[in-house]
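Two complexes follow with chain A in common, the first pairing it with chain B and the second with chain C.
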Partner chain A sequence: MNPITLIARKEAGELLMSGRGLAWLLALSVIMSVLSLLLVSNTELSLLDNAQVVYMVMGTVTALGALLAVVLGSDAVAGERERGSLMPLLLAPVTPSQIVFGKMGGQVAGWVVMYLLSLPYVWAVGSSGQNLTQAVAYLALFGTPVVLGFGFLGIALSARLRSVRSALLTSLITLMLLASPLLLGPSLRQSAIGKLFDAVNPFSAAVNSFDSVVIDSQPLAMQINRLAISLVWLVLTAVFAIRSVRKMEI
Partner chain B sequence: MKKIVVSLLLSLSLLGLGNAWAVDSLNISLAPEQANPPSPQMGDWLKFHSVIENSGSQAAHGVVAWISLVQVDPGHEQPVDLEDWSAHKAVTQAILQPGQQVKVEWPMRLIQAGAYRVVISAVDRETGHVMTSPFVDFQVRRKPVVDSGRILPVALGVPMLVLGMMAWRRYRRRTGV
Partner chain C sequence: MLVEISKLKLNLGAHAVLRDVNLTLQKGQIYGLLGPNGAGKSTTISVVTGLRAPTSGSVRVLGLDPAADALHLHSRIGVLAEQAGFYDWMSAGDYLLWVARLYQKNLDKPGIARLMGRVGLDGQSPAPIDTYSRGMRQRLGLARALINQPELLILDEPTNGLDPRGRREIHDVLLDLSVNQGVGILLCTHLLDDVDRLCTRIGIIAQGRTLLEGSIADLLSAQRAAVRYRLRVEAGEAAQQLPAEITLLARAGDWWHVEIASHIEPASAWRKLLYSGIRIDEIHREGGGLEELYLAVTEAKEAA
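After this line comes the complex of A and B, so read on.
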């Protein structure tokens, strides 16, 4: 079997078959359950409010997916180093590039699991409202590059910082900074700094697209710039991860 | 004294004539489209048609017409912010010659249940007050947007599914399957 596939399967297996990975999934699903129950507890929601609920669930799924990705990414190399399994991995007949692509495969598997886990929630809160199909499609379209980008950033930091704790802390600080649009409404981001931040932040691109599509029913043509920002983020973090793993020292 | 009173009355009547011209300068009609659903509910689209006609003898400059929506449910009377209801909230016309008409279509997405009254208002540069169309009333039926029957099974079911996977894994480890 291809070494990349082997490593990716091992990474995915650790998420789906290990007690630790399943406990993470359980925690994420409990968060989604509590959030859904809180968001829909108001039975007097108007049609627009329902779209707002779907938008908030989409943003939360993206943030939780990114959180899972940075945890997996931070553990990817530094975790192997701390468990003493990095040396055997490097001595195996695999190149550093194959290792990093295999780890990236594990990230993809993690996001696929998170996405599938979130679909029942999106369906439950949005089934009788507006733009549910678009919500499911755009969560995949924008959530994938944003979440995987955070995972690749975690892998890069994990290779450079050599300890899980340092990599995780740095990744989480970055995630909290970039995910701040979830907490700050659009009106709070109208200053010059806020607009500049929105213009380059992939997380802002994703949540602004969710808002634009689900609440305002705007077409894909209006999301092209935001999609480009998300894809640039994905490519930059992937390059950063590949270079970091290739350059890492034992 | 009589001269003063007559002059005053004459001035007032002239002012009245001026106002009468202003009142009659723009005629605004408003009617719902025939294809509108007879009993609309939240999420439906309604269209209204209006004709703004200069029925006066002078050209009207800088005409602005806009749509307004008021909720009239007893105890909930309030103007409605059209931000989410319609992207087409106003039209402008630089000049409207005597007898000239402008036909306007006003689409609207129904966001909230309730009883509503829609009206088109217009002003021009010369007239000192707002001219309005007749009202059109409509009722929006509530559409259930939150199905708690779906949310509770999902909110409980997904964590239970993951717990089931954990139990299955533990069982496999114990039995060595």
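After this line comes the complex of A and C, so read on.
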């Protein structure tokens, strides 16, 4: 069996079969249930329209996915180092790239489970409106590179900073900075700085694409630039992670 | 030659960690790498295993350059690091099966069970590693190091945390690997008793330099370090009759603590002792020559 598959299976097993993984899924379910309940209530009171509610759920799922990715990524190398299991992995006939992509395989499994878990909530808040199918597809298309990019970033920082705590703190700050479009008001986002930030920020690209497709019903052709930003983010973080693991000191 | 290190230097930033390390290890040999804490033993191992590239000097392991051919090298060596970490949520059997697949080895469950039995972990397979004692983790670490049938085994404190029976069992495994299978073993330890029992060749390093390297017999002979023994003699024997080769250090009832210079063949010393009329019931070797040699060399370095 390919080393990437072997490491990925181990990572996925550790995540999904462990108490930590189950606790994460339970927490996600509670957050999504509360959020959905609040949003559906707002829809019933006509405070928000159906499309806006779906858009908010998509942004929240992406943010939670990115949060899971940075937590797992930060532990991926530094955590193994702290537990003494990194050295045997580095001494196995496995390349740094295989270690990184194997670790990422575990994160992909976590993201897939999270995505599947979020679908009933997306359906619950958006079933009575339009664009539900597009919402589900775009959450996968744009959410996946953004989330996995944060996973790669976590792995890179975990390899460079040698401590889970430092890697997690740095990854979380980066996530908060990039996810700030979710918190910015419309006027700030229309300013020059807001526009520049939106133009290069993968998180903005994903959120703006959700907005464009679900609220404004625009086609895929309008999202190519945003998709490119998300993919560039994914590739750059992957390269950063591989270089960091390759240059890592024991 | 399995390992050949010559004039190895390694700088980490501005700090010179290894200044002049030399080491040669042949097939079937057990080599003891000794030195005080912080001497550079673990760093030397990290260079030998290709985890660090040397600043200068020559390093060949199994004929390969470890820094350039790390992947190929890793498939042919086994390493037990000082801090033996595992995936504690797995059972030992599942973990070893996972490691075997990582090494592309087609080991089945009976093969894993045999390997575990070899290091004294029989019947432990279903228990998660989390429940293992330190000694059991050491044994599991050794099983992991043996999983790819390595040509070279690098062991950092392999008998740490083992009880006397466990140590003996691990010694037997290592001797079998070395003598019967021709595996070269680089043993990094502070336990001179392990070195005394297992190694034929040693290297002592301090402050990143090899101070002494060679076969134990030659080094002891060259240093003229004395070897200590504990003898149990017949009650009432008088120590005045001791031959000149044997120095009496202490006496407690029937037990005598004696010292013999390393260049003197112990058998001839005992023969002279018997000829002088002293009847011996038991002879035990105590640390002795190797310990003296180690202390003399490292103390001289510290003084310098």
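Here, the second predicted complex is superposed on the first by the 244 of 250 C-alpha atoms of A that agree within 3 Å, B and C clash if a C-alpha of one lies under 4 Å from a C-alpha of the other, contacts with A are read in each partner's own complex, and residues count from 1 in each chain.
Note that in this section a contact is a pair of C-beta atoms (placed from the backbone, for glycine too) under 8 Å apart; a residue touches a chain by one contact, two chains touch by 3 or more.
Since we're looking at a predicted model, the values are computed, not measured.
Engineer: Answer with first, second, both or neither: which of chain B and chain C does A:Leu22 touch in the superposed model?
Structural biologist: In the superposition, A:Leu22 touches chain B alone.
Engineer: For A:Ala124 in the superposed arrangement: first (chain B), second (chain C), both or neither?
Structural biologist: first
Engineer: Considering only touches as defined above, state whether A:Thr95 meets chain B (first), chain C (second), both or neither.
Structural biologist: Second partner only, chain C.
Engineer: With both complexes superposed on chain A, which partner does A:Met1 reach: first (chain B), second (chain C), both or neither?
Structural biologist: second
Engineer: Could you look at A:Leu38 and tell me whether it touches chain B, chain C, both or neither (first, second, both, neither)?
Structural biologist: After superposing on A, A:Leu38 lies clear of both chain B and chain C.
Engineer: State whether chain B or chain C is in contact with more residues of chain A in the superposed arrangement.
Structural biologist: B
Engineer: With both complexes overlaid on chain A, does A:Asp49 touch chain B (first), chain C (second), both or neither?
Structural biologist: Only chain B is touched by A:Asp49; chain C is not.
Engineer: Just checking: does A:Ser85 make contact with chain B only, chain C only, both, or neither of them? Give me first, second, both or neither.
Structural biologist: So A:Ser85 only meets chain C here.
Engineer: Once the two structures are fitted together, what part of chain A is touched by chain B and by chain C alike?
Structural biologist: Comparing the two interfaces on chain A, one with chain B and one with chain C, the shared residues are 17.
Engineer: If you look only at chain A, which of its residues touch chain B in the complex?
Structural biologist: Residues 16-17, 19, 22-23, 25-26, 29-30, 32-34, 36-37, 40, 42-43, 45-50, 53, 117, 120-121, 123-125, 127-130, 215 of chain A touch chain B in their complex.
Engineer: Applying the document's contact rule, which stretches of chain C touch chain A when the two form their complex?
Structural biologist: 12, 46, 49, 51-52, 71-72, 74-75, 77, 79, 81, 83-89, 98-99, 101-104, 144
Engineer: For a test of understanding, state which residues of chain A touch chain C in their complex under the given definition.
Structural biologist: 1, 3, 6-7, 10, 14, 17-18, 80, 83-88, 90-95, 249-250
Engineer: Given the complex with chain A, which residues does chain B contribute to the contact?
Structural biologist: Per the touch definition, chain B meets chain A at residues 42-43, 84, 110-113, 143-148, 150-159, 161-163, 165-166, 169-170.
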